[in-house]
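Structure provided below as C-alpha cells; questions to follow.
The letters A, B, C and D name the chains in turn, as written, and every chain counts its residues from 1.
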Amino acid sequence: MPGNTIGQSLVLTTYGESHGEQIGGILDGMPSGIEVDIAAVQNALDRRRPGQSHLTTDRNEVDQVRFHSGVFKGKTTGTPIAFSILNKDHQSKDYADLDKVYRPSHADYVYDAKYGHRDYRGGGRSSARETACRVVGGALAGLLMPEVQVRAWTSSVGPIEIKTNWQHLDLTQIEAHPTRCPDPQAAGEMEAYIEHVREEKDSTGGTVTAVITGVPVGLGEPVFDKLQADLAKAMLSINAVKGFEIGSGFSAAAMLGSQHNDEIGKNFQTKTNNAGGIVGGLSNGAPIELKVAFKPVATIGKAQETVNSQGEKVVLAAKGRHDPCVVPRAVPIVEAMIKLVLADHYLRNIKYTR
Amino acid sequence: MPGNTIGQSLVLTTYGESHGEQIGGILDGMPSGIEVDIAAVQNALDRRRPGQSHLTTDRNEVDQVRFHSGVFKGKTTGTPIAFSILNKDHQSKDYADLDKVYRPSHADYVYDAKYGHRDYRGGGRSSARETACRVVGGALAGLLMPEVQVRAWTSSVGPIEIKTNWQHLDLTQIEAHPTRCPDPQAAGEMEAYIEHVREEKDSTGGTVTAVITGVPVGLGEPVFDKLQADLAKAMLSINAVKGFEIGSGFSAAAMLGSQHNDEIGKNFQTKTNNAGGIVGGLSNGAPIELKVAFKPVATIGKAQETVNSQGEKVVLAAKGRHDPCVVPRAVPIVEAMIKLVLADHYLRNIKYTR
Amino acid sequence: MPGNTIGQSLVLTTYGESHGEQIGGILDGMPSGIEVDIAAVQNALDRRRPGQSHLTTDRNEVDQVRFHSGVFKGKTTGTPIAFSILNKDHQSKDYADLDKVYRPSHADYVYDAKYGHRDYRGGGRSSARETACRVVGGALAGLLMPEVQVRAWTSSVGPIEIKTNWQHLDLTQIEAHPTRCPDPQAAGEMEAYIEHVREEKDSTGGTVTAVITGVPVGLGEPVFDKLQADLAKAMLSINAVKGFEIGSGFSAAAMLGSQHNDEIGKNFQTKTNNAGGIVGGLSNGAPIELKVAFKPVATIGKAQETVNSQGEKVVLAAKGRHDPCVVPRAVPIVEAMIKLVLADHYLRNIKYTR
Amino acid sequence: MPGNTIGQSLVLTTYGESHGEQIGGILDGMPSGIEVDIAAVQNALDRRRPGQSHLTTDRNEVDQVRFHSGVFKGKTTGTPIAFSILNKDHQSKDYADLDKVYRPSHADYVYDAKYGHRDYRGGGRSSARETACRVVGGALAGLLMPEVQVRAWTSSVGPIEIKTNWQHLDLTQIEAHPTRCPDPQAAGEMEAYIEHVREEKDSTGGTVTAVITGVPVGLGEPVFDKLQADLAKAMLSINAVKGFEIGSGFSAAAMLGSQHNDEIGKNFQTKTNNAGGIVGGLSNGAPIELKVAFKPVATIGKAQETVNSQGEKVVLAAKGRHDPCVVPRAVPIVEAMIKLVLADHYLRNIKYTR
C-alpha cells in the first residue's frame, strides 16, 4: 500500500500538489446515516487556512471544500466521500528558479533521489498544503463520535510556554487569540515573539498540546496498533513534527513506579493520569493527553548555504510566502489527525461491543 | 486488520500469552535466498531474555527460538517464516489471586472492559513477553539490509543520563555493561540506582537512544507513511513507551529556523543533522537518530490502592518476579522494531530503484 | 478496509454515484517517470462509454477524463494520480418514482437493508457507471507494463458463440464491429440478436474472453493471492458477472490428468496450455486465458412483478435508458481489471527480481 | 502484503511446507467470548485428511490440530489464535530425485524462476497440504456465525454428475459416502470411476457445489469487495481450481433478462434465485449457491515428457502417493474458504448493524 492512505476501517486517501490545480481526497468507511455538518467541516478548514491572521503566511487561500459523492439528502450513504479544494492563490513563479536548488531541511533532494523527477512548484506533494485534506477528513471523522471532544492548543512558541496545568486553562478561549494559546499572557508573549522572528526573516518552532475527553473505554488494539502507537504515527506524519508524548511523556523516564502508577478508584477511574488515558494500548476512559513538538519552518528569508542539483554551492534566501511559525495553524491539523485515528479505532472496536 | 500485525511488504504477526504454552509469530515477505544466521537471531533474543543479569527479573527463560518453515538449506525460500519460543519458567500461581484484581497502570481493567474476559495469568497478551517475538522478527529483518547498522543503548535511567554526544561514545562498549549504557561512569551510577530502586521495592523509567547508519537515501513514503511516522508507531507500540523524538525532538520547539536548518554541502550531505536523518518523510542518508522514553515498570512490591473487578477497594503489593528497570532489556526490542520498519520500507522502496 | 479499493502495491480507490455530479478515483502506487499517454486512457474510456453505437444505451456521456495530480511535465511523479469524469447526461427524473420501488435483480432492497437509506437516482453507487473509473485506472496501469498485451473480446451473446479457437481469430478486428466480436459471421448474428432482444424490450447475457501475452514468468503469490485468484476477484467484482474460468475452466472437471497436464518442452515452455498461463498461482510465461460470463441486464422494458419498500406488490416496466446487452461495453472493463491485477502483481514481484 | 494472508477483519495467515516439520497458522480478529468447539475443528480436519478412505492418497496423516494461544477456559479471548499440525507421514525420499525435475502442471519451474531456489520436498509450499490450515481457520470462523449453514458436496467426478436440483437432494447424506456425493446412484458411479482412473495410473477432475443458508441480508461491500468477488478469489486460491460460478453462472450468458431476473415477493424474498443469493455484491437473504471446478490431479503414474532444470528432456512417472481425484477431500476445503469469507464480511458489516 503506498503511503497516501491512513486508517483501516475509516480510510482517508489524499492527493494533490501544492501548486497543482486542486488537492483532495476520499474518505471511505463512514457508516451511513450520519448528518454531514458542512459548516463544521468548513470551519475546521478556515482555522487551518493561510492568510487567516497577521501571524500566518500571506498566501491567501479561501480553501472552500467541495463534496462530490457519498452524501445524499444531507446524510452519509456509506459510500466513499470524495472532496476537493482548489488551489487558487499559488504563485509558482516564486518557485521557478528553485527547480534546480535543494533547499535546506526541505524534501527537494530526497524526492529527486527517490523519484528521479518531481513537481518542484511550491514543494509539490511535500508541501504542508496537503494537510488541508486531512482537516476535511478529520472533521468528517469527528461526526462519527459526537460524544468525543478533541481540543488542541498552542502550548509553546519558541522559548515561551504555558506553565499552567490544562485543567486550569479556559479552553473556550483557544480561538480567541490568533496564536491559539488559551493562556492570555503567554498568548501575548507568543504573538510578540512570532512578529519579532518574522522581522528577523527567521522562523520558530513550538508545541501543540491536545486533550480528548469522552473517549469510550477499550479503543485500541493490544499489540502493534496500540492507540498511542497510531496516535504517534498520525502526529509524526504531520510536516515538521519532531516529537510526541503521551501522558507523562519524557518525564516518565525520571520517575519511580510508585510515583507514576495511577491508582484505580471508584467506577474504575484512575486517581491520577500519568498514563494519558491509555493503558496497555487501550483507552481507559480518562482524558487522552498528548503533546507534539514542531520544528521551526524550514523556509526562511535569511541567506543560507546549500547546493543545486549539480552539487554546486549556492546561497539561498527564500522569496516565497511562508509562516514564521506554523504552530497556530497546526492546531486544527493535530485535531484532525486525532479524530481520524480515534474514529478508525471506534469502528474497529464495534465488533467487541455488540 | 486486527492489531497483531505490523508492516506492509515485510509483515510480522505475533501470537501468544505470557503464561501460555508458547509464543511465536510469522514473518512473511522476506525475499528468497537470504542466509539465515540463526546464531544472530538467538543472540538478539539472549540480549532481551529475563534473568540475563542481576539487574533483571528472576524469571529465567532460556528463550530458544525454533523455526518451523520458510528456510531451506540455510536460506530463506520467500515463503512465510514461522517461529516459536516455549514458555518454561512461568509461575502462574503468582497470579492466581490476581484474576479479580485490577492492578494499577496495567491493562487488566481495560481488557475486561473490551473483551469481557481475559487470560489474566502473567498479564496474558498484554505482557511484554510478547516482545520476544518482535526481537526474532527484527533480527531476521536486519538480515535483509546488511549495509544498515542499528545501534541502541540506555541513555538514561531515572535521573541519571549520559551527557556526551553519541559521536563521542564508544558504542562497541554497549554490551560490556549490564545496563547497556556505553558511558562507563553513567553506567555505574545507573547500576547503583537500579539496585537501590529494587531494594525500595520500587521501579524506575529511563530512555533508549538509537542511531542507524548506512541507510540508503529515499526510504519512506511522503505523506502518512513517513519514515519517522512508522518509526514512532513502532516505538510507541512497545510496552511502557511514553515518548518519541526524531533528531532534534522536543528541543526543536524552542529553536529558530536559522539554527535548526541543516545546510546541504558536498555530496548532498547535510552539515548538521537536526533532521535526524529524515527529511520530508524520506531518509536523506545521514544517521537516523531517535530517542524513546520508558515509564517505570508498573509492577512494584510497594503497597498500592486499587480495586477488584467488583469495584471494591483492595491493597496490592506485587509478588510476581519483575524488572526494577526495563530499559536495559528494552534496547534489543528498540533495535528490533527499528529493523522491522526499515526493512519494510526497504522492500517498499524497491520499485523506485529498479 | 472498506470495499472501494483494489490492489496492494498499485491501489485504485473509486468514488461516485451514477447521477451525482461526478465520478472519479485515485490511483496510488505508480512508480515515477512513466509517460502518461492521455489519449490511450481516453480511448479506453471511449470504448466503454454509453452511446457509442446503436447497440448501446442512449445515455450519451462524453466521459472525458480530467487528471488532477500526480503527473508533471507529462510523466508520473510517484504521487497519487487523481482523476474525475463529470456526469452530464443523467436524467434523474427517470428514477424519481423509483425511490420506493425495489427493482428485480437490482441492489435497491439490499442497499436499503444494509445502509438504511440510499442514493436511488440511477442506481447510485451500485450502477455500472462506476466502472468508467476502473477503465481509467486500468489504462494507467497498463502503461507500467508495455511488454504485456491484454486483449479481450465478445465471445458469445445469448445463444450465439464463437466456435473458433482464439489462435485462429484475427484479433485486430475486435474494434471493427460494434459487438467487439472478432469473428465476422458471429458478430453479424450477435448484432441481429441484440437488436431483436431490444425490440422485445428484453436483454441478453454473453461472455467475454481475454488473452494476455508477454507476461513475465513468476507474477502472483503462492497461496491466497494466486494470480488466478486475484483475477477471479477482479472479474467477479464487475457488475453482472456470474462466472469465471481460467484456462481449461469447467471443462477440466471432466478431463483426465493425462489429458490435462501440460508437458514442458523447450525453453521451459509448455506444449499445451490447459493451465491458462498460470501454475501454482504464478504466471508461467504462456498466454493467460480467461473467460467471464455476464448475466443479461436487469433493467428491461417488459413488465415485471416486484414490491415497494413497504412490501406491497407493484408492477414495473423500466423507462430509463439501458443497454440490451452489456457485453460489448464490458470488453474494455474486463481489460482494465486485468491490467490492474497484473500491474499490482508486477510491482509486488519486483523484490524477487532485483 | 505478501500472499499468505486472507481477510480484513478476520485474518488468516498460514505457513509451512509439505515436508517440513509442521504447518500452521494464525487466525486473528476473532471476537472474544466464543466457545471453541475443538471437536468440530478436528472433525473438519478429519474430513480433509489424507488416508481417510480407499479413494484417497495413502499418505496417512492423523492431522491433529494443536492450539497455542487465544483460547482461555474454552473461549476465545480476542487475541490471535495460533495453531499447528505436525507433518508425520511424509516420505521425502519419494521426492529426492525430483529436485531437478520440473513436473508437468506443477509449480516447480515457476518457483525456481521466481525465487531462485525452493523446498522441492513434496511440493514444499505449493503442495495442497497447506489447505489443512485453511480448514482449521474456516472451522473457527464458522463458530462466529452459528446461524449460517455452509454445505458443500461433490457434484461431479469426471463425466459423472448429479442431475438433480440441490433442493431435491438429501444433504444429510453427504458424509455417508466416501465421494461426498449425496446422490446415491451418482456416488456409486463416481466411486467406480475413481477406482478405474487409479488403476489406469491416471487422475480425474470434478466439481464441488455449495449452498449457504441463513446468511443475513447485507453482507458484502458494493464495489471491489462484492461478496461474490471475495468468494471467487477464495475458491480460485484453492489448488487445482479452474472455474467458479455464482447462481446461474455461465448459463446466465445465454439467458434473457426476463428469464434471469428474480422477481421480488413477500418479505422481500425473491421467487427465483438466479442471483445465487447475492445482488449488487450484497447478500439478499436467499441461499448463496456456488460451484467450483477442479482439474485432475497433476501427479499421475503414467509416463510424461518434461524437462529438468537444465532444460533437458526427461520422462517422468510419479512414484509419490497421491489422490486419483481430489474432489471428495476438497469439499471441506471449499466449506472452510466460504466460512472465512463470510465471517470476514460478517465482522466488516457490524458497523452498519449497530
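Quick notes
We take it that contacts are C-beta pairs under 8 Å (C-beta built on N, C-alpha and C of every residue); 3 or more make two chains touch, one makes a residue touch a chain.
Predicted model only: the values in this text are computed from it and were never measured.
Set against one another, B-C and A-B show the most C-beta pairs in contact at A-B. Summarising the inter-chain layout, the chain whose CA centre lies farthest from the centre of subunit B is C.
Chain centres here are Cα averages; for subunit B and subunit D they lie 39 Å apart. The mean-CA centres of subunit B and subunit C are about 46 angstrom from one another, to the nearest whole unit.
With centres set at the average Cα position, the gap from subunit A to subunit B is 26 Å. Across the assembly, subunit D contributes 1-2, 4-5, 8-9, 14, 32, 78-79, 114-115, 125, 222, 352 as residues in contact with two or more other chains.
Per the touch definition, subunit A reaches subunit D in the complex via residues 1, 8-9, 31-32, 78-79, 222, 347, 350-352, 354.
Interface residues of subunit A facing subunit B in the complex, by the touch rule stated above, are 1-6, 8, 14, 102, 104-107, 109-111, 113-115, 125-126, 130, 156, 158-159, 197, 200, 202-207, 217-218, 220-226, 228-237, 239, 241-250, 252-268, 270, 274-276, 279-284, 293-300, 302, 304-307, 311, 313, 349, 352. Interface residues of subunit A facing subunit C in the complex, by the touch rule stated above, are 1-2, 4-5, 8-9, 11, 13-17, 20-26, 28-29, 32-33, 68-70, 72-73, 75, 77-82, 84, 114-119, 124-125.
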